[in-house]
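Inspection log for the structure reproduced underneath, given as structure tokens.
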Amino acid sequence: MSKQRSGNFFEDFHLGQRFAHATPRTLGLADQSLYIALTGSRACLHSADTTAQALGFARRPIEDLLVFNTAFGKTVPDISLNAVANLGYAELRFLEPVFDGDTLGVESEVIGLKENANRRSGVVYVRSSARNQHGREVLGWVRWVMVHKRDAAAACGEPVLPSLAAHVAPDALALQVFGEQVASAPRVTGCSDQYEDYAVGERIDHPAAMTLNDSDHSLATRLYQNTAKAHFDAATMARSPMQRRLVYGGHVMSICKALAYDGFENLLSILAIHGGRHVAPTFAGDTLRCATQVVECLDFEGAPVGALRLRMVGAKNVEATEQIRFTAPSEPPDPHTVLDLDLTVALPKKRIHRQHP
Amino acid sequence: MSKQRSGNFFEDFHLGQRFAHATPRTLGLADQSLYIALTGSRACLHSADTTAQALGFARRPIEDLLVFNTAFGKTVPDISLNAVANLGYAELRFLEPVFDGDTLGVESEVIGLKENANRRSGVVYVRSSARNQHGREVLGWVRWVMVHKRDAAAACGEPVLPSLAAHVAPDALALQVFGEQVASAPRVTGCSDQYEDYAVGERIDHPAAMTLNDSDHSLATRLYQNTAKAHFDAATMARSPMQRRLVYGGHVMSICKALAYDGFENLLSILAIHGGRHVAPTFAGDTLRCATQVVECLDFEGAPVGALRLRMVGAKNVEATEQIRFTAPSEPPDPHTVLDLDLTVALPKKRIHRQHP
Amino acid sequence: MSKQRSGNFFEDFHLGQRFAHATPRTLGLADQSLYIALTGSRACLHSADTTAQALGFARRPIEDLLVFNTAFGKTVPDISLNAVANLGYAELRFLEPVFDGDTLGVESEVIGLKENANRRSGVVYVRSSARNQHGREVLGWVRWVMVHKRDAAAACGEPVLPSLAAHVAPDALALQVFGEQVASAPRVTGCSDQYEDYAVGERIDHPAAMTLNDSDHSLATRLYQNTAKAHFDAATMARSPMQRRLVYGGHVMSICKALAYDGFENLLSILAIHGGRHVAPTFAGDTLRCATQVVECLDFEGAPVGALRLRMVGAKNVEATEQIRFTAPSEPPDPHTVLDLDLTVALPKKRIHRQHP
């Protein structure tokens, strides 16, 4: 009859295991306002109903990373309560907008397992999916996470590594969310830079900086009902190598996206996250800056939006954004870098090229 | 014509005195989202409309302690602005759910008065009641509080102590709020522990911990429009024996209830608080943990819910929840304990026993 | 194709230049709840729908300074991103109530320019206007701000100083917002002090105090989507004479108004701000207090409200509100003073005098 909940350890997972994560969460305008207060987001589509309507939506959708962080938070009690570290993301896709009053339910399936050589932990791969109250998938993603074993001696099966796409395929991006009315975005933002104005290789140094506070990041992480101890329990963290509470990586992503508003004013939303690493921990008192490089431009024929694949790098405690370094995969990461994200975003096009009949 | 508001002192109260506290407050989904961000609550009934509907409610009700803390806050300017300490609670009952858009108005009546021997303060007993916009009582409670005298020489009447119930009678619990649909809670929470799975004497050590920040607790206390100076005025507190801002006791209660989710996943709501003591002050930087003991199981024949009477103990700065001590009434309180609460909660039953006709 | 946004410098402004500031913002009950949590506001009209209805409104309007701070925030990226200091306000008028779901769009026009003698900066005067989704002006104001030059050698035109009113004319106050039902305010607040109970020269020492936290003020400032670096970038501020993040002056105004509830319980809303100075910077850890002096009583014949012109002085780190000094214009400001605001507020009248026919 024990009710001492200790979460799942590595040996508790098995391939094909499915979780219906507790407990569904209705998102609404209250969460969107809190998200603005927590991150400083100015994303046009999510700031005003009039803007959302001008862009072809019935009303303001809930912002992409608020949806992601909420859905991610749901998976923590089952998947990563005993995690050593969150190692990576793949195949993340935003599939449908979420509106005020929509309820997210999140499920996960174990798609890979690999015990570490030291037998004290292992890597769990899960594919997760958030559905709204109509059963429609609004967000899907894969993550892998290193999880402690309860008992190093416990027997674990042979390693199974999932086959993961290096990036979300262009034809899997949910472009159909956007109609031709998105062309009016520059009238709202006052900025003329649209899809065609970005070039592969271009780097944008976002000018603003944001210093994090313990209360901010713990408010955000509680809003997402994420229960990972590292973000909340300063006493236990004081006895860890970190020495203090760790800022939830999803909050760092949200801050970086908000900083990137200046330079991507007409960005409509994130379509996909192909991969991402929390390169180093972030703590209260750290000041974040963000720079972005355009990696690929995808001009979907006939579509009102184009997609930009971006490398977004967040760094802490650099004096100027220009000091952020984009290291090559062969290089060691820059010691200031905290986030290295590979994502694709939607921007309105100036001209919609159509195939000749 | 003086408008230097100084609040009521002990000699300003008289038996039977009634207060219609300023100013009514409409609660809504915004407050519920903020409450989640402030406390980390994951209570299933309050997290999603779909869940609330599955459990037989039209939509998410506002969480019990958010209602209590809001109603309590309303009484502060009239009752406890000049309080030395809040001494106790009794006969607290949640009577009706509060929904998005409902407005609470709060009234109190002085039901007891006892000057202290030193004549510098006295204890005021008040019975308070929160009603919604339809005039229906949603919450009632008694509290007693030690209040400074303005003038030690002021004459005060004979002591009158109210007759208070040692606990809320079982037949006074508002079980009718819950219908048979609550039986579906385990399908949402993924946890099978229901009323029948808890046994008298069982102790549950809730695994999580929460470090408090000054901004968190002052945001919460302002949300409740509670004006007690001890929570906000660090300069005055620096000159007091406390030396710093005191965390509002109702925030400590909310944090403990949120921590208790793990082990009481199917808890529907608090029905009553029979008594409670803020054993020691809590400050920003303290890390809270919570353990609960089952004191009594009340199986209401024919009802879809059972009631568990619990002793919930919150402690600060213990290394593990297992270190929390449940002291006997004859013992001095453990120096780590901050909250010792005697409450009754509702859980769905596995089987509804009905009387034979 | 550069997208390194650096904001406007003094030489980028020209007389008559117009800005449609990005991006419109829908305000709602979520923002109002957050505002209560951030400031401790208890203003009766904004706390409950039942109160708003009793006072003749369809529902709770959004609080005046929440509207102002949101509208002000919109102007920052275009006007004051490179500001040295915000120097003053004039002619601020609240013209129409803003309700849940209303969207504010903000425009500004440059009405004055004056380069400083040192040629490194200049003063920009802008008239700004916030309109709702129906195109109706809800708020208008003038501010002037000292802005850096990008290039000290850049040629600037002749100085042009706008002609500004010393105060908003009484007949320009939007009294028509209030109907006779406002007379019921004392029934809600429990306080009988109405327009007629205030006298010119009367001083009110508001008893409460509020200590600011870094998280509070940065949450508030982000909620307003205000991007001024001084409030967010602790690393850059550490290298400035301020040494730390500066609290946004609009947050100080909001805190002072909330503190002034005790003594102005029946205050309905701010009608106008004639002028105001942020006399000294405020930082996290400072404790604010507020005192108010009645400067003028305007009894509009036949109107259900009277207007009080007030001098509201906010001070930091004084032991008691009574220590706040109201210095004369010829005196140097008291070193504790942070805010000196000249505003007019509406209060219900006890008796509506009507002209004899």
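As written, the chain order gives the labels A, B and C, with residue 1 at the start of each chain.
Just so we're on the same page, a residue touches a chain if its C-beta (ideal position, glycine included) is under 8 Å from a C-beta of that chain, and two chains touch if they have at least 3 such contacts.
The structure displayed is predicted, hence computed values, not measured ones.
At the chain A-chain B interface, residue numbers used by both copies make up under half of all numbers present, so the two copies contact each other through mostly different positions. Chains compared, chain B against chain C: the Cα-based superposition rotates one onto the other by 120 degrees, nearest 5. Chain B has its Cα centroid 36 Å from the Cα centroid of chain A.
In chain A, the residues that touch at least two other chains are 28-30, 33-34, 213-216, 219. Chain C meets chain B in the complex at residues 28-30, 32-34, 36-42, 44, 47-51, 60, 188-191, 193, 197, 199, 202, 204-211, 213-216, 219, 262-265, 285, 287, 317, 319. On the chain C side of its complex with chain A, the touching residues are 1, 3-7, 19-26, 28-31, 33-34, 77, 101, 103, 105, 133, 213-215, 218-220, 222-223, 225, 227, 229, 232-236, 245.
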